[in-house]
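Each of the next two complexes has chain A plus one more chain, namely chain B in the first and chain C in the second.
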Partner chain A sequence: MTDWRFLQRKSFIELSGRERAQALFDAGTARELLGPHDRIESPWLERQGVTPQADDGCVICKGLIGGEAAVVVAIDGAFQGGSIGEVSGAKMCAALDLAVRDNQRGNKMSAVLLIETGGVRLQEANLGLAAIAEIQASILALRRYAPVIAVTAGTVGCFGGMSLAAGLASYMVMTREARLGMNGPEVIEQEAGVDEFDASDRALIWAIHGGEQRYRMGLVDALVDDDTAQVVSAVRTLIAKGLPAMHRSQQVEMLRERTRRLDPSTQWEPAEFCATWTRGEKA
Partner chain B sequence: MSDYTGVRGRRWFEALTGSAAPMSGDPASALVADAELGGEMARFAAVVPDPQGLFPRARQGEVGLEQAYALAARVREMIAMDRDRIRRPLIAIVDVKSQAYGRREEMAAIYMAGAAAVDAYATARMEGHPVIALIVGHAFSGAFLAHGYQANRILAFDDPGVVIHAMHKEAAARITRRSLLELDRLGKQIAPLSYDIRDYATLGLLHALLHVENPETPQPGEVQMVRAQLIAAVKDTRVGPRDLSCRLTSAQAQTARRATLLVRRKLEEQWAEV
Partner chain C sequence: MIETLEYEYPDRQATTARAHVGAVGSGDLEVLLEPSGTNRAQVRIRTSVSGFASTWKTVLDRFFSRYDEAVRIEINDAGATPGTVALRLEQAVEASRR
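This part shows the complex of A and B:
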């Protein structure tokens, strides 16, 4: 029997970056900062024949989530594939740094990063990579005071240097439609050949990078449907939870031990891999 | 830009530490050693090629699962050892081809391995270890993020074989649908696109450019000069902030990263208003 409840859902994936950011806040509390009217665009794109966008594909909103102060930074996958340029990267980094300052002054401020990106914007190359290193440093600085929650809903997914940034977050939220990995299938096929990774094999891609597999591996805290209410509820719950006892990226011995169990002499089937990886333990 | 040779990391690691072997339990491609630097012990780390490595896609100087976790574990070990004493310097010797591009790596969440290494390096910096990156060859993309880019200070050789970039030239050309010649031409006009270390130096991210005749064959006088520069960078770090703010306060950043500075100033103004 068909479950018709999905008709009542309001898709989160179909929302723009701005709508996604605003949807997370308690009604009437969201204020956008450095919005399109401020017109801080990429200074590098026009001379390369690319039309810049007034917000550089990055939306910052500040307000209350479940009654607690929070800043949301959304990378919009619709502009240049969500790629991180100088301005979009600086916006995320500066928002995280101001949240650190608020916490240091005794005002708790959590951060939610809505990430849809293929990684560095190649038209801004080294300034994009530098921005990602700085974002990572700022996530780690903020994480000492308040949780940083990463959300990847789809359809772009989270790849490149920003996947490492997501790995540094206190909590990870994904949908089944979302993908999370360092190198996308096309890049691996280019670098290593079709035998290594067939980028046209969609089932394989989701079996490796998909939200459900990452959740089974213990790398995702909330696996949600493409439903705005579920995403909002998951983010609220995690903000209310506060800091984890230990962050995932600090659990080096456990992750390293799991990697040591693997036999790299063959390719692995995603289902079997998962059983070896977890051995029934939870990450 | 010259091709990756994979010999520089090992040679400089040997020259600076007198050691050539990995620590017990670590892969042969992740070299870590404690050695004297300026009258104190410092921890040195390098990722080098190992044709016999367990993971086929991480044998040629890539940062893969094993390398990233080894770095993370050894850096965390150092932090724990120095908890109640003067924090020793951590020197990342960087000559890394790329992150490992492989199906196994993706399945086993190489992004978490990279995050673990970033976390360890940044934690060392925030705990007061002077973290210095010495770029002797290639520093690409995710590999550089995981090994070196969290350093307080970045030193690099002024040499055509030193390349810091987000993506290899051939791949960048393919994806942006440009010819290699066009990429070279654009790099001359747009510094962040350039593969030339001297253009990278104009972005304000480097602490110093060092000159050696041939980075593949370190000479005793050159090793001495590099040690002196590392010692000076360590000293400079110990009296400065433990964050990455020096990348934004540098003279070059005032021009090259004007947009970044504008974003930071404007956002701070608006932040206070709401």
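This part shows the complex of A and C:
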């Protein structure tokens, strides 16, 4: 029987980047910084025949989440696949750096990154790569003081350098619909052949990159339905929880040991892969 | 390449209207609407699909036959159909009145 209750949920996936950012805040506390009317757009796209967007696909809002000060950075997957360019990257980086300064001055400021991206914006090449490196440095700086929460709801997912940035976050939230991975399916198929990865096989893609598998592997702290109330509740809970005892990316020995269990010369089934990865340890 | 089109509509009413709607995704557009600071309405369109100036003019003429505020409208277009453009303009007006 189909559970029709999903019809009563307010979808998070269907919200724009701006609506997603605003939905996280306590009512009436959200304030957008460098909004579209400020016209901080990419100087590189127009000369390559791509129409720029007035906010470069990056929305920054400050306010209160569950009564605690937070900055939310939302990458809008609708514009250029959420790709990170010089400007959108600089906006995200500056928001994180200002949050570091707030914390250093004794004002706790957490950060939430709503990520829908294929990674670097190819039209901006090295500038996008540099931006992602800076974002990663800024996440590392901020997570010493306050939690950085990465949310990938779908449908774009989180790929490329930004998947590494998400891996540095204190906590990760995903839906079943979202995907998380370094290389996307089409990139793997193109580079390694269809025998390695059939990018038209959607069941395979979600079995490997999907939120459920990533949660089972222990890479995700909260797996939520495509429901705005659930996303908000998960983010609030994680902000209230504060910093983890140890960040996931600091558990180097544990991750090395797990990686050693996996022989890359064999073709792994997603379920078997997950069982081997998590064997004998809590996810 | 990107085509930039500019249009003006004279004798408009002063306004404080301000809105932003839409996204520059395939087949869609974003509309920024704000006061022009003059007695004219000014429109600037940047579109990734060139050669449709007369269609844009028709859509805008129809819009400004019913909307008389002295706004500056900026449109960033990624290949929206005329129907989508007309709806986004209406949506911007509605958002500016909330």
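Odds and ends about this structure:
By our rule, the second predicted complex is superposed on the first by the 280 of 283 C-alpha atoms of A that agree within 3 Å, B and C clash if a C-alpha of one lies under 4 Å from a C-alpha of the other, contacts with A are read in each partner's own complex, and residues count from 1 in each chain.
The working rule: contacts are C-beta pairs under 8 Å (C-beta built on N, C-alpha and C of every residue); 3 or more make two chains touch, one makes a residue touch a chain.
In this text, all values refer to a predicted model and were calculated from it rather than measured experimentally.
Contacts of A:Glu134 after superposition: chain B is touched, whereas chain C is not reached. Judged by the touch definition given at the top, the superposed model places A:Leu243 against neither chain B nor chain C. In the superposed model, A:Ala54 makes contact with chain C only, not with chain B. The wider contact with chain A, measured as residues touched, comes from B rather than the other of chain B and chain C. In the superposition on chain A, A:Glu46 contacts chain C only, with no contact to chain B.
Residues of chain C that touch chain A in their complex: 1-2, 18, 20, 23-25, 28, 30, 32, 34, 46-48, 74, 76-78. For chain A in complex with chain B, the touching residues are 31, 33-34, 38, 40, 42-44, 47-48, 60, 62, 86-87, 89-91, 94-95, 97-98, 119-120, 122-134, 136-137, 140-141, 160-161, 163-168, 180-183, 187-188, 190-192, 196-197, 208-209, 214, 217, 219, 247-253, 255-256, 258-259, 262, 264-265, 267-268, 270, 273, 277. Every residue of chain A that touches chain C in the complex is listed here, in rising order: 16, 35-37, 46, 49-54, 76, 78-80. Interface of chain B with chain A (complex): residues 54-57, 65-66, 69-70, 72-73, 76, 98-99, 101-116, 118-120, 122-123, 126, 141-142, 144-146, 149-150, 164-167, 171-172, 174-176, 186, 189-194, 200, 203, 205, 243-244, 247, 256-260, 262-264, 266-268, 270-271, 274.
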